[in-house]
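The following pair of complexes shares a single chain, subunit A, combined with subunit B in the former and subunit C in the latter.
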Partner chain A sequence: MLHRASGRAERLISDPLIGILGLVLAAAVVMAFVQPTFLSLSNLTNIGGAMLAIAFLSIAMTVVLIAGGLDLSVGAVMALSAGVAAAVINNGVPLAGAFVAALVVGTGVGAVNGFLVTRLEVPDFIATLAVGGITSGFLLYWTRGVPILGYMTPAYEYVGGLRRLIGPITVPMLVLIVLALVTATLLHRTTIGLRLYAVGSSAAAARSAGLPVNRLKVYAYMFSGFVAAVAGIYLAGRTTTVPPSMGTGYEISAIAAAVIGGASLLGGKGRVLGALVGALLLTLTRNIINLTGVESSWQTVLTGAVLIGALLANHSWGDLVSLLRRPLRTAAHTEAYPEPTTREG
Partner chain B sequence: MMPGRRFSRLIGTDGAAIAIALLLVGALFAVTVPEFAAVGNLRYFVAEEVPILVITAAIALTIIVGGIDLSVGAVLGLSAGVSLWTSMSGLGPVPSVLAGVGTGALFGVVNGLIIVGLRLNDFIVTLGTLNVAAGLLVVLTGRIQLTGTDDDAYVAIARTPLLGVTTGILIAAAVAVLMHLLLRYTTFGRRVRATGLGVEPARVAGIDTGRVKFLCYVVSGSLAGLGGVLLASRLNSVQAAMTSGYELTAVAAAVLGGVSLAGGRGGIWQAVLGALFLATLRQGFRLLGVDPMIFAMITGLCIIVGVVADRSLRDLANRLTLRDTRRSIGVAQ
Partner chain C sequence: MNASTARRAASPPGGTAVPDTPLLRLRDVQKSFGNVRALVGASLDLHAGTIHALMGSNGAGKSTLLNVLAGLLEPDHGSVEIDGEAVTIGNPQRAQQLGLRTIHQELSTVPDLTVLDNLLVGREKESGAGRFGWLNRGRTARQLSDLAAEFGITRLDLATEMSRLGALKKRAVEIVKALASEPKILVLDEPTSGLEDHEKEALFDHMAQLRRRGVALIWVTHHLDEVFRLADVATVMRDGRSVATTAVAELTHASLSRQMFGESVELLADRPAARESGCSSSLREVPALRVHGLSRRGVFKDVSFEVRSGEVLGFAGLAGSGRTEVARVLMGLDRADRGVVEVNGRTVRYRSVRSAHRAGLAMVPEDRKQLGILGELTVAENISVSRLRAVSRAGLLDRRKENALAQSYVEDLRIKTPGVSAKVRNLSGGNQQKVVIGRCLNTEPTALIFDEPTQGIDIHAKAEVYRLVRSLAEQGAAVVLISSEISELLTLSDRVVVMSRGELVGEVGEVGRRASQDEQSVKDQIVALATRAA
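What follows is the complex of A and B.
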């Protein structure tokens, strides 16, 4: 019993997420002293709203990374889905129809990604980079570079979180929570989720175990496209206009958030909770930049640096923890199993 | 006697496919759009493509060594900004060129150190430094209006007419030739190709693969810096986001030229042909009055078509050669 508890505690400490949560907390405490407006309700809801799109996309990215892929088209797919939703509404279709159209488009682009990566064996980063370029290029061509406007309705203001449900709670927050719970359940409690981890850990091993590797990968990309479309529907409501450049740079944030949350570019690793914490950390750093009066143009620089930093931290955290634990474990180990005396020949 | 073998040798030859495609597209536009082949127009449009040509050579080098440098486009933009800023501060042409190339080289060193020293994924690292460079250019242009220098010597770097073209075009051509010679005929070039084909075998053969990779990133960054200087000198004005999407065009050019994303295979001049092919397509469409906004889509499609076609053509060539060999030694199919 005691052993199990200490094992759990040990696992908790060695969990990189604890370190990141600590960082988030420390940053929040410092900010609360330096800048009292930080803890104001309006700023906190602002953080929540800004975090949502990145949080959706980082969940999408995490699932693809778990399956051993990479989806650089999430930002472009989000923007195109937002454009589709807005344009369909402008053509007099009810909200639900517009959302379905956006979700179909997003999932469809995801299926194209999956097809290119599995059937045509195009390397995942190149395939999704190209599809992202095509998708955002199409949005630019289709809208002639002019932002889509005039699609907002009172109902859409709820979807975009501009009108709140109860207190500070908005519809997209609930959607995020439901999506996170469903994704986590899918990943950890169903066969398909466990198989995704298997595919990402080693596609060759999964294939010899008889798993439909290609089909599972296509599912992951379709899921990513679907979730990117959800993000697009939300962001169109929040910003009340869809400029063709809407999704620019979001893929970097999504990868950074997923990697901060423990997903690995080598596949087979990642958690929904981690993605959410990663998104929170990213949004928080941006908010801090804004509040401290630094030019907002530094944000892009920072996101790039955070991405590399997250990669580095993720890479070396495991080494660091094992380095710290090694002497303890070796001491206990040698006590229990004394070194056999070498026989003199 | 054996048409299959001859055909397979032709399509198996590096660069043959893209050279034929370039000639076909060029001829098509020359026939359908009379203005296309006019000397003045050709000179203008090649001068406009100089930055893309230079970073295509850079990205091809990093792909051949087994990595990829996605930051070239953004680094080119930042270097252009830094170089023009230096010139506008009245520091003369030589310090301005050094500032531009130095900015690029600095990014190359950072990329190389992170990727080789810390063994992180090159694709993601350079995606990160792409953002850093692009963001720094936004910061720079937000503080100083980079609207032009009074230094005529600086502007002359890329604009001076020489041998019927401009110095900018000649410098880009020299870069392509030098990079080709470097990769094909020097020990360093052989080491680059060996590292790209397989890090482990190359290491066993005694190659310091980390050093080779690091140097490739430094060369790539420096070339992006040089491309930035040429861009700033020709336009005499730099805006933020001016070069966004350049990396996509450069990847497409390299891939169309048959540079294998797996590393080790392909060459600089084939990649440059790929860049010229895309440039021809873009200029031809523009003269035909096609909406230029469609070109981002075409670039993306070209990447996918290039990757898939390269592999299918190679498979086909291998199959045909195998068939002919079997036939010639009398093995039944």
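What follows is the complex of A and C.
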């Protein structure tokens, strides 16, 4: 029993997420002293609100990355779904109907991504980039560049987190928590989750093990589209207007958050909790930059630095030193000949 | 890095070496990864004009030592001397300058470049590349086409992308590439794995010729027979240490394997007497697997055979003769244009690999790294993944059940792993192979296809795989065994069919009995069939 507990503690300490959480905590502690408003309720809910959209999308991205794919269309899908929800409400349809419409559109675009990647064998990067472009272009054409307005109702203000439920808790926070739990359960406790990891680890091996590789990939893209639509429904409520430019650049933040959280662009890796921590780190960075009034030209520089710092925080200090001391010219080779881990004698 | 040693790069291969100074001397080389001590102390004297076998079971530290010699790893401790002068290898380019070339077991060629371009990389100067980096492909082709041809690489192949070659030709390209730079010291890591017998012969001829020219060869191999044929000296490694260096002339099979494993092990030579009766007694009306008139355009045609329950059917043939391709169709990975596959008398309707599994077919695929293991997944997940029904209810995984299932396979198959939740990519090759076998058995197959099941695994693991194949057949499975090692086919099969150029060209029956009487004549018969049409 004791042995088991110490094993667990050891695993917790060696978990790469600890480094990033440490980074987050350190930043928060420093900020609490430097800028007392940082810990004010209004700022904290502000962080929470800003984090939500990225958090949703990073969960979507994590699932696609685990299955060995990549979805560059999530930002555009989020925007289109937001637009659909808003426009449907403006046509007098009740909230629930509008949400269903947005979710159907998002999932549908995800299915198109999946079809292109699996059936037509378009590389995922290009397929989802193109679908993202088409999606946001469609939104622009449809709205003629005019933001969609006037769809807000008191009920939608709850959905957008503008009205709180109990204390600081808002509806989208609960939705995020439920979605995260459901996704984590899906990934780790169900057959489909295990199969997604298998497909991402090696599509060829998964195929010869008898897994329906293409179908699983389509599921992953559809899931991504669905979650992007959830994010769109939320964001339309939070911003109270849907400009055609909504969602630009979110896909990159989502990838960054997922990778900070342990996902790999090579597939087969990633976890929901990691994605959430990644999203938190990105949002926190932006918030700190705003609060401390860093000059705007430095903002992107700082964000970039934090990104690299976060990925390096995945390594132990000793790892970093040996990485740096490694002769430059061998660096590229170590991947091809990985160091052996424990083997039998 | 030691700059003064750079001059040595220019010294000609062999020739000038004084016989008493070793060309390469390793003293107490040590290397650890974290807490794992991969090399505890390796020492080695390598003389010019000798073939020096480096032996040891998986995990003995050979790969680490090789990576040190290739300049991929820096030792924590110990010295490396070349021609009596201490050197730091540091990186692969430096190793080449020092005249050290390594042919790794894992292929190091670039899949999307042509064979010619792969040969060209790293020898731009010799090929007459101009000052502005212009490539001279024609010259390289002229320089290397003779050498390449000896390893079966035609002029047409030179213009083909690596990714379109089979495993065998890829290996040949690797060898040609290393030989082209005329190294002083050539390190070969299991160079014969995946080679056909006649290609092995070609390689051995080359090794002997290199020895005559004064090149020193370090040769990692699991095949004792080959060592006794060709090597001059053998160094055995165990648990990260070099435990013995002996002239091969003074060694016997038994003494060498005792050095490798610490005790004398039961080797693969025992041909089971029980098997001879096994086949005839289990004759049944309906064959477990019946294939009739199977064709796939441009790949193979009109392949028909039957395998009965309890029988091992060997598939012999050269690489590219269509054996693996037949197996892929049987498993539903590729489609047949014509033909019928029946399992226990029922026609298999192929839609995917899963239809094959449902029908009772399972395969241990050829390319373990690419098609077999799911590296990021655990041992337990790798075993259960083909039949998750058994460990789940309504789509919900029962991890405890999954682990228990995996644990039973780990024990049955004697898989050496820290635990069922260890990632498969951290296991050694032989144990990865056993995990894949476990996955196949978990689908409860009627017929099992093994495609080159012992490629790249050590002699211990090989013996265990042999034991497994036999016991599976004894338990009533129908086994199809594809192998390029004829002795493997003779050891395990009841019957051997031979493929050549996409067609079944012959059959050799009662293999067990005949091979025990006159092994060589059976081998000759198979080789004759396999090469007749070619």
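Please note the rule applied: the second predicted complex is superposed on the first by the 284 of 345 C-alpha atoms of A that agree within 3 Å, B and C clash if a C-alpha of one lies under 4 Å from a C-alpha of the other, contacts with A are read in each partner's own complex, and residues count from 1 in each chain.
Here, a contact is a pair of C-beta atoms (placed from the backbone, for glycine too) under 8 Å apart; a residue touches a chain by one contact, two chains touch by 3 or more.
Quick caveat, the model's predicted, so the values are computed rather than measured.
Peer 1: Report for A:G145: first if it touches subunit B alone, second if subunit C alone, otherwise both or neither.
Peer 2: It touches subunit B, and subunit C stays clear.
Peer 1: So in the superposed three-chain picture, is A:A111 touching just subunit B, just subunit C, both, or none of them (first/second/both/neither)?
Peer 2: neither
Peer 1: Given the touch rule stated above, what does A:L307 touch, subunit B (first), subunit C (second), both, or neither?
Peer 2: It touches subunit B, and subunit C stays clear.
Peer 1: Between subunit B (first) and subunit C (second), which does A:G249 come into contact with in this model arrangement: first, second, both, or neither?
Peer 2: After superposing on A, A:G249 lies in contact with subunit B but is clear of subunit C.
Peer 1: Report for A:A27: first if it touches subunit B alone, second if subunit C alone, otherwise both or neither.
Peer 2: A:A27: touches no partner chain.
Peer 1: Per the contact definition in the header, classify A:G200: touching subunit B only (first), subunit C only (second), both, or neither.
Peer 2: In the superposition, A:G200 contacts subunit C only.
Peer 1: Once the shared chain is lined up, is A:I192 touching subunit B (first), subunit C (second), both, or neither of them?
Peer 2: After superposing on A, A:I192 lies in contact with subunit C but is clear of subunit B.
Peer 1: In the complex of these two chains, what residues of subunit A are touching subunit B?
Peer 2: Those in contact with subunit B are residues 116, 120-123, 125-127, 129-134, 136-138, 140-141, 144-145, 248-249, 252, 255, 259, 265, 295, 297-305, 307-308, 311-312, 315.
Peer 1: Name, in rising order, each residue of subunit B that touches subunit A in their complex.
Peer 2: Residues of subunit B touching subunit A: 114, 118-121, 123-125, 127-136, 138-139, 142, 244-245, 248, 251-252, 255, 261, 291, 293-301, 303-304, 307-308, 311.
Peer 1: Along subunit A, where are the residues that touch subunit C in the complex?
Peer 2: 188-195, 197-198, 200-202, 204-212, 267-269, 327, 329-330, 333-334, 336-337, 339-345
Peer 1: Give the list of subunit C residues in touch with subunit A in this complex.
Peer 2: 1, 33, 36, 38, 57-60, 63-64, 67, 71-74, 90-93, 104, 106, 108, 238-239, 331, 333, 352-354, 356-357, 363, 365, 370-377, 381, 384-386, 388, 392, 395-397, 399, 416, 418, 426-428, 431, 439, 443
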